[in-house]
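Structure first, then comments.
By letter and in written order, the chains are A, B, C and D; residue numbering begins at 1 in each of them.
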Amino acid sequence: MNQKNDNTPNAMWGGHYSTAPDSIMQRINCSVDVDHVLYAHDIAGSIAHVTMLGDVGIISKEEANQIRDALPKIAQEIADGQMVWNPALEDIHMHVEMRLKELIGEVAGKLHTARSRNDQVVTDLRLYVMEAMEHVVGCITSLQRSLCNRAEEYAETIMAGCTHFQPAQPVTLGHHLMAYVEMLERDKGRMRDARRRMAQCPLGAAALAGTSFPIDRHQTAKLLGFLEPTHNSLDSVASRDFVVEASSSIAMCAVHLSRFAEELVMWSSPLLGWIHLPEQFTTGSSIMPQKRNPDAAELIRAKTGRCMGHVVHLLTLLKGTPLAYNKDLQEDKEPIFDAIASLDLCLSAMRGMVDSFGIHAEKMEQAARAGHSTATDLADWLVRTLRIPFREAHHITGRVVVQAEQRGCALWELPLAVMQTVDARITQDALQVLDVRSSVASRTSYGGTSPRMVRAAIVRAREVYGLEE
Amino acid sequence: MNQKNDNTPNAMWGGHYSTAPDSIMQRINCSVDVDHVLYAHDIAGSIAHVTMLGDVGIISKEEANQIRDALPKIAQEIADGQMVWNPALEDIHMHVEMRLKELIGEVAGKLHTARSRNDQVVTDLRLYVMEAMEHVVGCITSLQRSLCNRAEEYAETIMAGCTHFQPAQPVTLGHHLMAYVEMLERDKGRMRDARRRMAQCPLGAAALAGTSFPIDRHQTAKLLGFLEPTHNSLDSVASRDFVVEASSSIAMCAVHLSRFAEELVMWSSPLLGWIHLPEQFTTGSSIMPQKRNPDAAELIRAKTGRCMGHVVHLLTLLKGTPLAYNKDLQEDKEPIFDAIASLDLCLSAMRGMVDSFGIHAEKMEQAARAGHSTATDLADWLVRTLRIPFREAHHITGRVVVQAEQRGCALWELPLAVMQTVDARITQDALQVLDVRSSVASRTSYGGTSPRMVRAAIVRAREVYGLEE
Amino acid sequence: MNQKNDNTPNAMWGGHYSTAPDSIMQRINCSVDVDHVLYAHDIAGSIAHVTMLGDVGIISKEEANQIRDALPKIAQEIADGQMVWNPALEDIHMHVEMRLKELIGEVAGKLHTARSRNDQVVTDLRLYVMEAMEHVVGCITSLQRSLCNRAEEYAETIMAGCTHFQPAQPVTLGHHLMAYVEMLERDKGRMRDARRRMAQCPLGAAALAGTSFPIDRHQTAKLLGFLEPTHNSLDSVASRDFVVEASSSIAMCAVHLSRFAEELVMWSSPLLGWIHLPEQFTTGSSIMPQKRNPDAAELIRAKTGRCMGHVVHLLTLLKGTPLAYNKDLQEDKEPIFDAIASLDLCLSAMRGMVDSFGIHAEKMEQAARAGHSTATDLADWLVRTLRIPFREAHHITGRVVVQAEQRGCALWELPLAVMQTVDARITQDALQVLDVRSSVASRTSYGGTSPRMVRAAIVRAREVYGLEE
Amino acid sequence: MNQKNDNTPNAMWGGHYSTAPDSIMQRINCSVDVDHVLYAHDIAGSIAHVTMLGDVGIISKEEANQIRDALPKIAQEIADGQMVWNPALEDIHMHVEMRLKELIGEVAGKLHTARSRNDQVVTDLRLYVMEAMEHVVGCITSLQRSLCNRAEEYAETIMAGCTHFQPAQPVTLGHHLMAYVEMLERDKGRMRDARRRMAQCPLGAAALAGTSFPIDRHQTAKLLGFLEPTHNSLDSVASRDFVVEASSSIAMCAVHLSRFAEELVMWSSPLLGWIHLPEQFTTGSSIMPQKRNPDAAELIRAKTGRCMGHVVHLLTLLKGTPLAYNKDLQEDKEPIFDAIASLDLCLSAMRGMVDSFGIHAEKMEQAARAGHSTATDLADWLVRTLRIPFREAHHITGRVVVQAEQRGCALWELPLAVMQTVDARITQDALQVLDVRSSVASRTSYGGTSPRMVRAAIVRAREVYGLEE
């Protein structure tokens, strides 16, 4: 089977050739080191194809059965690590066909009737990515569940809600965690949309023009779990927007994870000390004996670059290439395989950390008190109580803040008398809104941070986003 | 109104400040040169907000009416070019509020109750991008209509269907054009999905935590044409995945256009001479008096780079930024504005060329005959007639091709006797399938290139993709 | 001059045309809104070209003088805002030539002898980018000077040297600032290399093949300040790697600035409180009256996305385009213009902040004491004193750290007796290395953080990097 | 050695840990599957480090010798495939140190004195990339040699010089090939500059702050072939601009190759038929028995996407990360390793094709005659002979072209009488410049396409670019 050591032309396509590929050609051209991953989908595709060929009578039922019975054996052999991968056989398709021939003889050659590697490979890849999208959506759902559980636990835990990385207004940790549930839900939406859109079966487009054999493309589409066949044969073999769309949705999700990862790194640093990660998710230093580094979080943050790079890879690949199939398209697999694997790993690692981090509630709340974070509450009180325009209330409060800054005290520590030098209408009543707990409790607008709203959001998320366990 | 020439602190947020921004700070911080584009959406948002404030009683009905009546005037002034843009006023929001104050006095300050620029700007941007997505979908639909019309005209016109830029099998020009209708339909799908997903109203998230005022976020969402309010206030002001998703869908569409643009460049070159572009879509050379360059097609191809760059810009922007709002987010507008404008322009230019290109049918068909493009038909004939495995038929045909190559003739010019030296079972009947017209006519599988299937595809596209005029 | 309202063909290249471009063609094709920026370089190029044409006798000296005398007037008119930009005249080159014809009549038509817009525009762009590289190098040098000055001021100021955003070992603020001087020096190196490499003059490559006129390309190259002429005419008009190289060096520098910007954001937050930015480099909030947001730093961080996007734009533009000139190349200007302007702005804003930030030395030093940051010093003491392998010393120290953690105290607060329970060989002497000041002072290896080494580094940088003022 | 199956803490850094990493942590954290590639450089670094430690007396000479003697054995074991890779040992550094301990006992623990993995890994990577840059420069030089050889062979072979993919002016194939020699020379320049800039040794920066041991960083730098040590310890462990610069230079070179690859695809297609690629660099089709696809060229074109993606990956990785070392940096290796390997493969494959393609000279020249490609020569003749402005000559020629187009003949086939109806001053003499050979011969400006200039360019390139064999 090995063709490496001689100059005989390729057994599959070399009928009009007099020699074998150059060794460097073989190296750049061979894809089986990457596309062997598709073996199960390739064989599933072949089973559907041969079933259809038999059903419509292009080959006999007996031939169809013979081929169909042998294919699962090859899948098993590959699963068992028994396939000998041979660069001269280029790709997974030729390996399967060659092995089929070894098993059942010349009739194996009937499998490729009314089919080309052009429609075959893109069918395989669609099946693979569809499955991966489903898998990743499942991983995201698991992470959302973990986030909801921790959010429930911390629905009343005060933390500094930051803008510009400065304490802005107090929020609850539960509310913060639920923000990521929302982002992840949109990521899932994008992946589901991508999956639905790619669920058209290209099998039967053949090389590019369709075929003169009376094939039933609706049957193969259905057998493989697609919604329908693709509608244009040239488009079928030439297009890879489904890979780009999948990788874009992955990159976006990776960016979302990078934001949370950044927060875990900062929150768990002794510099902030809001949370601690368990030993199992940190590593030590080879030189500094005291370190517990949040490596998993940092690596999640870093893998954004990888996922973004893959989007650029794929778009660049397609740019300016004429129809229909070009060999360029062979380079579509590594980036999407790696993007999927990377996101999968990041989601698992993130879930591990979400499930296990501990908090230092006191430090969290203390930070929430920093930076006069309830100044807006005072301004709102002025608006509500004095019926003055918000803009005016904002100015009055700004001057009160200056008083606190000059005294080096927190806003809520400022004596009422001092406040009244700024505006005499401020009363004892105003001081109550300056407490971080009242502030948080008061944010009852839809989607707001009050514990009541956070709990409602958790209930809603579990129901609407399918997070019940 | 101008604050540039003195050191007085900012009138909107400078209550606790003693001085104005540094001049370089003003330059890097000011965004009104970009975000003034949002004025209509900003004012629409304010009208909805103030209506709600009045309805729920946070401000009086009279105050609400006073503000609501003045806002459209400001929109009109801006539309008429009468607004004096002032860098010290930073952004569109402050310009509108300041002008409002000039028009109606201190009551203007009540508009910003229970609102922050953080939720305001992202509301504006969502409205803008939602509208743009709809607009672009309309442009794509127009291009699809043009493609369908030309496809109908050329449903029987033979051209070389290429793989690897080599004649592979004959197809029809109509079939080729319809491939782009399919790609564009998926692009529309992505844009519609993006639009639907972003149709959640962030207004009322306020700075980041929600508000203690009893606002009705469902009302403002409804008034502005959103499907619902967003569900988490932190997520509302911190997230921009909707911009990334929109720009990704645009980049993908740009890549699709780049492929067709590449083809137009090649087809219209004297080197191929398959089509000609009208003078209106070419330009001459400043030195070579004979040139008619396909500049529009080349520029469409080139603008892919721009659209891809914007995706990278936006993802990078968001990577690793902690919640909630960071000033980094201000940089989200230029890339999406330019992406939308660029794609709009490319779609119009492409449509202009599709509507007006002429063809050289003879050269097209001649190319289709090149490269033994009906060899597959012979192989298929062998399979059908002799009931031999495709793989064997492929080898026989390969050897027939070698005969033609050695004689320097086309496959269909090869004498039957010569073919029979390769395989004696080849008969006169086989020669008929070698004609490009019979080849094309025989490709009747679903989505195939036979004129009948192409016409059916046109009918289907017009119906299902909403292309009826 | 305006050709917009009629259908007459283009005056420059339309000799064989019967009509004007389509309006959409004009919109996509016109570049003068972007390339007018090149006017001074375009006119300088024309002056050099016409001087040479006269010197070698291709046109008469009188003609050459006539043209050369008129060109500076046009430059002045444009500088004075008197040029009427007309989209029908496409680009800066046609505007200048048309105006020249208005000024001096038909002889203006002799300027374009032995030249094409293809070599003209790339000459202009090289001149522009060469100048910009020099300018940006100057801006970086200014920033380095500011960093050195502040580093000198803080050569002994203790701060937490972090790895993984956790206090790792104490360093000095001066040492930290000098790290950026090193990064920026390499950025300058890349820009200078880029500038040198692009200093080849393409003028005289004409359309693509060179010319039959006896031009002197070495003369024009010299007149324009290039090192030499380019060596291949096709390469001259087809290549834009110089733009890619310039934009890559800019993106890298932007990434370096983003790292420092991130640090300024974190250090200046009340959460850390290590430094404060002056009011002039922060802004307030429209809703939260207490905020002082580090907008400039955040925007510097964000502009990385923009600069990276431009690299992708430019590489994508060029990918897969055949030689020689393609209209795609017209899209090379906006990204490099914006990259240069953005980096310029970021460098100025960063310098403004470096010059003006204040520090809270106590908080900085306090953070340096956190996280047992001198544990390595103890391990090193064990190695030096007991002559045990570092790996063993690392383990002993790790166990000492656990003791400190269990007691909730700092490493240097741990009683000697407790340390000795871990290893009896630890003596009073060891405690001295646990002080952050002795730790810092001891790091005297080349490039290390001891104040002495930092001062030496400042002296070296000023000398070697040309930072003397 | 295997730590996978129990919960004992890490042997290298786990002194203060009570348990082992979580399994998902181990998966995301372990890098040895990637960084084992660095083994030879890692061991070289350790040899230099231990030599210095012994020389300055930090460890005894005997200890130094003991360690130094054992290290090459480990390198040999790895080269021989005898190392058992263990995910629990995380990276190549720990594998080497653990094996060292097995070989020589506790003294192995002295190797890591005054060193951290932070400075160790970046030393390894610099050595690796420096070596790779040199290797790639060698591969480019080989390709340039091949291009020069073929250029010499085809210095007089006429082909259509294209702009906008349309015949513009005749050039020679030799001239066209030499354009790539120029591009590649600049690519080499960028790689050499990158190599020189990265030749600073970070070893001795330790974790981040330098060390208190009296190490000699200049000695280790020299032993390892660096030009000097780095100048700031924080910068040393935190920076990766050298990886970005290397990958940017690779991406640019890949883009250059993509342009030539695009041309090989088009030229070798039966549609143009200018060249043919040998069978060894094409592959057949699994369905179309006649195909000879230029897969190698297409894959070279495609790999641009990969190389561009890696640049984005690396820049994104670094964006916004604070000093000094962060675990994110671990993700720097895969992209640069793959970029190097990909470019290496592309260069070899391209060289294989350059060495072996054959030409169809007649078709090439025929295309050169298409599209009135010598029209500029007529315009130039008018300028020279009639001393009229070029702009006027351009218009006259444009009208002559229209005459040829209307008659459907080539410019040089147009009767003189017809030309004279356009302008009576055109004489018989003018017709001579319309021949493609005279046209090419006349382009004698420096860098022009005349065979004489092309030959001079080849001589110059061989000398100046170091291409002599």
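Basically, a contact is a pair of C-beta atoms (placed from the backbone, for glycine too) under 8 Å apart; a residue touches a chain by one contact, two chains touch by 3 or more.
All figures in this text were calculated on a predicted structure; none of them were measured in a lab.
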Number of steps on the shortest touching-chain route linking subunit A and subunit D: 1
Where subunit C and subunit D overlap in contact partners, by chain label: A, B
Shared interface numbering between subunit C and subunit A [over half = same, under half = different]: same
Higher-contact pair (C-beta pairs counted), B-D versus B-C: B-C
Centre-to-centre distance between subunit B and subunit A (centres being mean Cα positions), rounded to whole Å: 23
Distance from subunit C to subunit B - Cα centre to Cα centre, in angstrom: 32
Subunit D, residues touching no fewer than two other chains: 12-17, 112, 118, 162-165, 168-169, 206-207, 266, 284-291, 293-295, 298, 301, 304-305, 308, 311-312, 315-316, 319-321, 326-327, 376, 394-395, 397-398, 401
Residue numbers on subunit A that touch subunit D, as the complex places them: 10, 12-22, 24-25, 27-29, 90, 93-94, 112, 115-118, 206-207, 278-281, 283-291, 293-296, 298-306, 308-317, 326-331, 334-335, 345-346, 348-349, 352
Contacting residues of subunit B [partner subunit D, same complex]: 160, 162-169, 265-266, 269-272, 284-295, 298, 312, 315-316, 319-321, 367, 370-373, 375-376, 378-379, 394-395, 397-398, 400-401, 411
